[in-house]
Amino acid sequence: MPANTDALSAYLERINHEATRELYQKDFLLTWQHSDAVLHSILETAAALRQMRDAGWGTRVFDNGLAVSLFRDNSTRTRFSFASAANLLGLAIQDLDETRSQIAHGETVRETANMISFLAEVIGIRDDIYLGAGHEYMREVGESLEEGYREGVLPQRTTVVNLQCDRDHPTQSLADLAHLREHFGGLEQLRGKKLAMSWAYSPSYGKPMSVPQGIIALLTRFGMEVTLAHPPGYNLIPEIEEIAGAGAAASGGSFRRSESMAEAFEDADIVYPKSWAPYAVMQKRTELLAAKDTAGLAELEQECLENNRRYLEWECNDELMRTTKGGTALYMHCLPADISGVSCSQGEVSAEVFERSRLATYREAGWKPYIIAALILLSRVEKPRVALERLAAQRYSRVVGSD
Amino acid sequence: MPANTDALSAYLERINHEATRELYQKDFLLTWQHSDAVLHSILETAAALRQMRDAGWGTRVFDNGLAVSLFRDNSTRTRFSFASAANLLGLAIQDLDETRSQIAHGETVRETANMISFLAEVIGIRDDIYLGAGHEYMREVGESLEEGYREGVLPQRTTVVNLQCDRDHPTQSLADLAHLREHFGGLEQLRGKKLAMSWAYSPSYGKPMSVPQGIIALLTRFGMEVTLAHPPGYNLIPEIEEIAGAGAAASGGSFRRSESMAEAFEDADIVYPKSWAPYAVMQKRTELLAAKDTAGLAELEQECLENNRRYLEWECNDELMRTTKGGTALYMHCLPADISGVSCSQGEVSAEVFERSRLATYREAGWKPYIIAALILLSRVEKPRVALERLAAQRYSRVVGSD
Amino acid sequence: MPANTDALSAYLERINHEATRELYQKDFLLTWQHSDAVLHSILETAAALRQMRDAGWGTRVFDNGLAVSLFRDNSTRTRFSFASAANLLGLAIQDLDETRSQIAHGETVRETANMISFLAEVIGIRDDIYLGAGHEYMREVGESLEEGYREGVLPQRTTVVNLQCDRDHPTQSLADLAHLREHFGGLEQLRGKKLAMSWAYSPSYGKPMSVPQGIIALLTRFGMEVTLAHPPGYNLIPEIEEIAGAGAAASGGSFRRSESMAEAFEDADIVYPKSWAPYAVMQKRTELLAAKDTAGLAELEQECLENNRRYLEWECNDELMRTTKGGTALYMHCLPADISGVSCSQGEVSAEVFERSRLATYREAGWKPYIIAALILLSRVEKPRVALERLAAQRYSRVVGSD
């Protein structure tokens, strides 16, 4: 596809030097720790990289360097997104293969963080199993890298990118935001749009809360009218619900809670139906895991699944979709979805609704590599816009002989 | 070693633009789905890449991009060949680490195929355990990628390269063909050459049929006189034996069956003695695996090993080799061979015969990275010959300071 | 950090053409197999690469090529050092994932060595579990590669770099030497310096002897006064103790043994307190492992841990450190250390001593990627100094837009 140079120039012009300086040499752990200007620059950078890649241009910002990945939970999608992002910029992936059972602390973390980072630009971490632990671990790694750089151990401030923790899933929520921007034709167009972030039934248990938390915390900042719907007891980390409320207040949007999927869907422009485990359950589960109480864990799971089954009707289906704005709300999902009659007998979404939106959810996911690449670039390169402008001026072909 | 520019020019000139267009954006699953012209161009491309690499020139066609590997069976050789091919062209390897027991279908395949391919050029798949499943799975992945590209999910038509399925092992058979071409001094020289593709005894059970199937289906197309020899009951997938017959008829060669290793070896120019499990056993095994019938599987294994032991004398040894053309037939094997007195007490080949041909079998294997690289290049680059000509004109050194 | 071009020029000038020719196309297995001139050139090459990297210059010597890693024992540090070194030079890492229990020999080794090396520059091997086996295995791989290259199987003499065997840990000892050179301001400054390589208590069992062996064999060659201290019975491989003695005699240094940590520490400029298993235990353990004598192994472990506990007082603490030269000896460790009250209740070093030296040990480790890169470069590039001078003349930026 030929380069849309006008669009590319516009993206590049909107990358804000002041904002990118804010992120340079910093970890990206939670969207709510960063200014609107930074978030805007991340979106513009992601869009610019995508334009250049789609146009067939090379995008190697780094001649060499490692991107370390540390997954404390299974992952295919995020693993490939991180690998793709690293490769797009010229970095090589090196996996840190920890035994998952053992969560290291203290000297081990400090030491390991430095030992793997002598020539590393970035460490991508997924750690979403233990409530209260994932984010703390990433902070600990970040502080160790900060010390290592300050004390001359590391030649660069290797940065941490959160690939999902117990609190936030910023590469997902930012990819979702990029998808919304593309779908509605601009961030300004999101103002006043109604989004239903709704719990949905799933025959599984213990799904992390980081996606709904990330969505409500991020999208309320763009003037959207966000409803968080879930059955009684399925609430999220209270502090993050507060952050969503504050974000809505500041942006002129709104944030409200509902105990009815139907109510949330009514007149919604966007629906995001997804299962998660309740906060109280995640707390209890974390305690039981720490105590290695196998019997207690099995009991908790039984209890939870039974409780879930009381809300079988929380399914995104045609009937509900008809109640949305014009009957055509945008369906979103972080994938994989639990599809009724496809991946389970009864799940988050009916087969008809999912099939209609299937390719759109793939496209939604397609933003993730570019969002991660933007986070790497902004946290590791002092003048990311200059770097991209340099590449855009060179316009060298990614594939020899294809120009 | 200095570049043989005359040879290189000849290889490049014989890469056929029309033929390569046929493979562009297409999967390479079975050799018999492709024209002779495509196969010739693959060989020329492989030879050209090898010339350039041996001459110390850089061969990076891609500035960045992923090559995904998915191995549903253990592999060292093919894994390294694929990794080498990807690296030769400038791609980075990313493994998809599926649990081997679980063969995903339907939405999971469609979704995963797209999720891993946003920035991937090629997916190399090895899936040879389940009869009837490996090829089907690759087709399913290919169709998912086709849809993803057509619908704008993927910026490129990521292609699939078959690294061994239940039906064919095209990177092996094409590497074998390249080896034969080199050994005999040209494809034309293969006309009329007698090849014995023979079953041989092994103390193991359940070896795939894809190598003998790939060999008889491919080599009959080059005017060779191919004999497939095996004990009663050890036949291959009938449809593929028919393909071999048709190929022989069209090329002016011949294809016949024999139940005697000695008969097949007589006056042979080339011998390829290798163990495999009979078609009927593989069918039964696939059913038992699907039914998770452990007792049945153990029983089947016992039965098979006993049956194998009836054919202990199917060993490629000096006595048999003396009956070949001039007593000096070319010995071929895909490796590792079961060598009598070395890797087992009694196996496919005697220690004397193997040792004499050992380095030749290594050289045979040495073509595989270049064959795979050629398949990637032809399926992913619209004008592969132009790309190689461009690189050949640049003649940049692969190693700084070595020119 | 801006380039220190004077320092860089000095490093490059001291890379000795004659010496590097000695290592070209050769394996690097044991430091004592190589001349002082080679070791000096390794240090200069490592320092030059570090200068260039720290200055933000690109260091890709290879346009493509594989670096194979084979770890028969768990490793994070060395794995990342090898990956970093490979990446620094432009090579891609490919892991060879052997099952650790099975030590292959004979044809399997010859064949595998060739099969993985068609496009590989280097194979890094860690194999330190079996006494008498690790070094032998590396030699076998090296000989197989030599044959493969000589016989035209491989287009290059892929080389082996020892990442730790039963005898030596050369990338560790050379990194330690680079650290000492930096700390004391030159190799000449090491002359006459007193180093205590001392056993220390650890609540674990079976730690390899390769680090103390590597240290005494290498550092005695630089005119240092090396004391090897350990409790009765904890001696190293006798042959290597002899090598240390000969090295000291040749260099004008000294090598002596002691059965007192306190004696070794007295007036020492450098202390290297580290646990290891006694030679006799490692021998017995190797026999038991070979015999798969689980009960015997458990008994040996019990016996050993009990024996260790007789030497609880072999801990590097403030009291001992006060007896060193000026009370400020340089503390060294290959990491991770067993720190009393931190990683175990009682260990090799007190928390106070370790914390004071913690960042210094990180910096010590920071040399390892550059030492490994130097070994790859010198064993694989005919004129490594010319290659580096070429890169230094180009001074291209490692990161686009950062110049």
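Note that the chains are named A, B and C in the order they appear, and that numbering of residues resets to 1 at the start of each chain.
Operating definition for what follows: a contact is a pair of C-beta atoms (placed from the backbone, for glycine too) under 8 Å apart; a residue touches a chain by one contact, two chains touch by 3 or more.
No experiment lies behind these values; they were computed from the predicted model shown.
**Q** Answer with same or different: of all residue numbers used at the interface between chain A and chain B, are over half used by both copies?
**A** Looking at both copies, the contact residues mostly diverge.
**Q** In steps of 5 degrees, what rotation angle do you get fitting chain B onto chain C on the CA atoms?
**A** The best-fit rotation has an angle of 120 degrees.
**Q** What is the distance in Å between the mean C-alpha positions of chain A and chain B?
**A** 41
**Q** Could you list the positions in chain B whose residues touch two or more of the other chains?
**A** Correct list: 60, 92.
**Q** State the interface residues of chain A toward chain B in the complex, per the touch definition above.
**A** Chain A reaches chain B through residues 1, 53-54, 58-60, 76-77, 80-81, 83-84, 87-88, 90, 92-93, 335-336, 339, 342-343, 358-359, 362-363, 365-366, 368-369, 396-402.
**Q** Can you check the complex and tell me which residues of chain B touch chain A?
**A** Result: residues 60-66, 68, 92, 94, 96, 106-108, 110-112, 114-116, 118-120, 147-148, 151-155, 380-384, 386-391 of chain B touch chain A.
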